[in-house]
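The block underneath contains the structure these notes are about, expressed in structure tokens.
We call the chains A, B, C and D, going by the order they appear; numbering starts again at 1 in every chain.
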Amino acid sequence: MILKTKDITMQFGGVTAVFKLNIDINDGEIVALIGPNGAGKTTAFNMVTGVYTPTEGKVFYTDAKGEQIDITGKLPSDIAKLGIARTFQNIRLFKDLTVYENVLIANHLHLKSDFLSATLHLPWYMNEAKQMHRNTEKLLQEVGLWEVRNEKASSLPYGQQRRLEIVRALATKPRLLLLDEPAAGMNPKETEELTEFIRQIHREYNLTIFMIEHHMDLVMEISDRIYVLEFGMTIAEGTPDEIQNNQRVIDAYLGVDEDA
Amino acid sequence: MKFKKLLSLLAVSALATGLLAGCGGEEKAADSNVIKVGVFLPLTGDNAAGGELELRGIKLANQLHPEVLGKKVELVVADNKSDKAEAASVAARLIEKDKVSAIVGSYGSSLSMAAGNIVKENKVPAVGTSCTNPQVTANNDYYFRACFIDPFQGKVMAEYAHQNGFKKVAIVQEVSNDYSVGLAKFFREEFVKLTGDENSIVDIANYQTGDKDFTAILTNIKAQDPDAVFAPGNFTESALLVKQARQLGIDAQFMGGDTWETQEFIDVGGKDVEGVALSTAFDREKASTEEAKKFLDAYTKEYNGEPSALTAMAYDAYLIAVNGIEKAGTATDTVKIRDAIAATKDLECVTGMTTLDENGDPIKDVVIKTVKDGKFTFKDYVKAQAK
Amino acid sequence: MEYFDAIANMSALSFAQHMVNGISLGSLYALIAIGYTMVYGILLMINFAHGDIVMMACYFAFFGITAFHIPWYFTFIITIILTAILGVLIERSAYRPLREAPKNSILISAIGASFLLENLANYLFSGRPMRFPDVPLLSQNISIGGIEIQAICLVIPVVTILSLVVLLHIVNHTKTGMAMRAVSKDYEIARVMGINIDNIISITFIIGSALAAIGAIMYGIRYPGITPMMGVMPGLKCFIAAVIGGIGNIKGAVLGGFILGLGEILIVAFFPDLSGYRDAFAFIVLIVILFYKPTGLLGEKTTEKV
Amino acid sequence: MKKRDMILTIIGIIALFGLAFFVQEEMDSYIRRIVNLCLVYAIIGLSMNLTNGFVGQFSLGQAGFMAIGAYTVGIFTVPVEYRENIFYAMPMNPAIADIELPLWAALILGGALAALFAFAIGTPVLRLRGDYLAVTTLGFSEIIRIWITNAQSITNGALGIKDIPPLNDVRYIFLVTVICFVFITLLVNSSYGRAFKAIREDEIAAEAMGINLFWHKNLAFMVSAFFAGIGGGLYGALLGTVDPKNFLFTLTYNFLLIIVLGGMGSITGSMLGAVIVTAGLEYLRFFDEPLMLFGMDIPLFRPGFRMVIFSVLLMVCVLFWRHGIMGTREFTWQKAIDFVKNPLGFIKRKGAAQ
């Protein structure tokens, strides 16, 4: 089990956004989190990635050595270093930087040289820097963004920006990747391509993927398991088939949000 | 796009006027029949008020003494903006670009100190108008001044307070103002010495330049019930201070230094500043010299009203500088001019016969004034020996 | 120990006098702080020029009475109108063009506007202080049971509280006020609801600047030396007062103003040795408050949408 | 960096050094003073650009850091024999009264103290954003000034310190400027520099990419303070005297204009901005002098007009020319070569790109 949340609850003032959420994700799985708008999905992501500290409950992560670590309330940057990367619902690229720089920056977290040796470009830093550049080049070539590497991130078409955000997350060398509505705003063709892309990275980079998504085709196609959230609480959990046939889910969600 | 066009138009016209103005300057520089004296004053910024008053004095002096060594004296007025970095470059500019024979100014010690190294380095003498910090002339052979220094003024006021029988005095100092801190310090030492009572200073309160509300320190002072309050500082702040003190029902005698002697002090303070005592360098009633009469006549003609001591001292600074040029017999050998200025002895000035001591500071009598019916009026006189 | 002695030795009368001083200063801060808080509530920016608007208002009143010999009550009305116009003018020329720009640009623009007003005043009116004219009744001194006070000091708290009440009414019970609240929550939603955002922002600046003018008149009567730089320190302090109370919250601004005013007076009262540090007090309080309660005393907690 | 660019850079620096020698030997002290002021302002402008332009943290504390540097130089380089005279109102604290340092050591100490102070205040302050950060850093800069005013036995309070051994040596200041610029250029181009830019672009995303916001902001803040301290030290040595009123927070606005004009986030821009603002203000001086044009006295021109122009320029810059001269772009040799080869084409292409 790579990620486990235990009864995490998030309250804002008097409003409970998420209530006693329990999620278990196994190594190598693709798990989806679905639910109507305002169900608390992004809040759940934010608790896992350290943006929010849960009001109650714990988040556990199992690292590559198989050690279980309590990551509740850790800094987002520390959680990223442990191997959890994410994307955002409203794309958050480094807009004025190039595609290449966007990806290169994501290598920074593994840098060992201190700032003085980096500034003075001392040999051990230069070695590390070379490695960072090689990684970036390799990654960009593998995911097909090599041609646009010198473009400003904000000048890419929408679909490419989504893709770049995922690639940037990949550059941090995560074991667990959190995707927040990766297909939002995409047409069916783009969604199809994205599905394929997610499959590809899942396979090639040895990832576990946890995603929030509204496009049911995509969710049903690639998820191993699905959690359904409503008003901050889990109302169902299971394989795509089980979820599709769950009456509560159909009532609460599928029927209403089909056209979204 | 329209804006960009407008902007470029503006830029071009600015450049053009600049060039024109620049050309005008060049022509003047070519004229070698004038002797240039730099006027180094704050005409904008915090100290602008003082700078303007002094500019009047220098201009008057220039009108009455327009020539030296048979040549016309031309004033090169430079604004040091009450800012030290500006002061340094302005002084350098006066020396290097305008090639002045001597500099007169500035109001404000820190501004003069910023120019100190430059006049020393370039060996051009400067005569300060009302820079009263002892550091201005200390360790600088090229800086002189026409005003008396802070320690002296502080001591004189302490003596005055003692003579008037004050036993308990509170001090309010503008802690960010070198002038105020200097006066307060020497007042305190002298007063304690004169009264022989360590506790004769009942309170020392601080405020910052620009403060408007003094009720807190004044309420504290009121509780001590002093006979007098010594509060040297900027005239705006001081006027508000006295005003608020009266509002709080403090009826002690307020005393200050020569910075108070400006119309603004009375304007802002109104009837509340009636009766305060302040030390200064000049008064009509004690105007003993011929020069003073000429000065007073000219001032009344030009500006109406009573001249402030600042104006008189600036006038004197000009006289000291020009006299130095005359005695040196040269307008180009600035070292000689410096020596001549240093040797100034019994020069007839507005504020009395002036002799510079070994530091380049004048030995002067002090006038104590008060405010009566909205005017500064003579109150007392302290001879120079008091030092 | 010395300090405890100072406190113990302070007579009840002195203490009462200090309290009165503090309340009068605090209510003045509060009055000006409201202007900051209103603009911040709507535009989410510090109107760095607010202090300088206060300064300009002082000059308007000064020239009205001394140069044009307009009766004081009439001058005050004209001052309020002129200042409101000035505020709107600043908003139109310096802030509106940058509404879509990064926040730092607006901040720089605000600093620029403040700097421009100061230099313009310095150029037009010279750096020499001018005397704010005395106003009958208000400039008088009165004595109440040994406490000495200027009549204006009694008026200021009343004006502040009155302004607060009127403003709260406008914000909570009028259509304009509701529109203001909507705009401060979310531009887009307000636009969709058919609110003319530009108008609402203009109204905010009119109210804020009018309050600045009222504050300036009180300030002028209380501290009658007016100079081009007079707005800088009160401007900063009143902004701090608004932050302490929770920026965007009108009641908070008033609370913050009182805390700051009383605090400044009482720190000198109890620790006379620290009188030289009085101006640092506001900043220290600001930093402490932001450290422990970043949204201020009455501010609402907001989290950035991720 | 390409080998060619490296060589060109070294040649360029040597050539500029030659120019500095020339200015030092051949120019009068007025020109030298202006050149020195440009260089010192460039250092401080650049230091401010590091936090404000590269990390996107709007800090207005530069005057305070400068004050720390300037006072360190003031206190420790004044010859011991003058000190009694200078500290005439209150004797200097015996702990420091006999310590005299050479200028370079005092500069580094001043920078280090400024950095230390930045570190101390960085913890609470850098959690804040935008306006709050601006006001608190401004507040700290005022607190430093007020402390300096009150700590008479160390700083001589309002009386200021004079007789700082004068430094009007273009070569010395140029050398320090080169060191500062090279250091910050290297820093900005290292992985840390990229992390700074990431924070500027999007703090939340940067954090999610494993960049520790607190540590990186603090780092930039300290480096910025360090160089502002050095710049302040040079400023003090250049003036030969320091007093607390020098370091009013309005001083920071000068550097704000420099970086806004030059381009927030551009090293080249900091230098250009500093030169234009310093030399330009000097050039604009004629606005303050009465002007006779075609025999007419133009009443517009009197003291104070220059500062009005200065502030209008700042406004115009922000409103119509938000990215300044350079934006976030930098000078590169490639661009320079392109320009020399085909000036017209270069400008056209640049125009088209915009």
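Just so it is clear, a contact is a pair of C-beta atoms (placed from the backbone, for glycine too) under 8 Å apart; a residue touches a chain by one contact, two chains touch by 3 or more.
This structure is a prediction, so every number in the text was calculated from the model and none was measured.
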item	value
Path length in the contact graph (chain A to chain B, fewest steps)	2
By mean Cα position, the chain sitting nearest the middle	D
Far-end chain from chain C, centres as C-alpha averages	A
CA centroid of chain B to CA centroid of chain D, Å	33
Averaged-CA centre spacing for the pair chain C and chain A, given as whole angstrom	47
Euclidean distance of C-alpha centroids - chain A vs chain D, Å	42
Residue numbers of chain D (touch at least two other chains)	146, 149-150, 204, 304, 307
Residue list for chain C, restricted to those that touch at least two other chains	122-123, 126-127, 232, 276, 279, 306
Residue list for chain B, restricted to those that touch at least two other chains	44, 48, 175, 206, 208
Parts of chain B lying in touch with chain D, wherever the complex brings them together	3-4, 7, 14, 17-18, 20-22, 24-25, 43-44, 48, 77, 79, 81, 84-85, 88-89, 92-93, 95-97, 110, 113-114, 116-118, 121-122, 133-135, 138-139, 151, 174-178, 180-182, 185, 206, 208-209
Contacting residues of chain D [partner chain B, same complex]	28-31, 33-34, 37, 82, 85-86, 88-90, 146, 149-150, 152, 157-160, 162-163, 166, 168, 235, 238-241, 243-246, 282-284, 286, 288-289, 291-293, 303-304, 307, 309, 316, 320
List of chain C residues in touch with chain B within their complex	10-11, 14, 17-18, 21-22, 24-25, 122-123, 126-131, 134, 141, 143, 148-150, 219, 223-225, 227, 229-230, 232-234, 264-269, 272, 275-276, 278-279
Sites on chain B touched by chain C in the complex	44-49, 52, 175, 203, 205-208, 210-213, 215-217, 219-220, 222-223, 235-237, 239-240, 243, 246-249, 264, 267-268, 270
Chain D partner contacts - residues on chain A that touch it in the complex	49, 51, 75-78, 80-81, 85-86, 88, 92-97, 101, 104-111, 113, 115, 118-121, 125, 128-129, 132, 168-169, 172
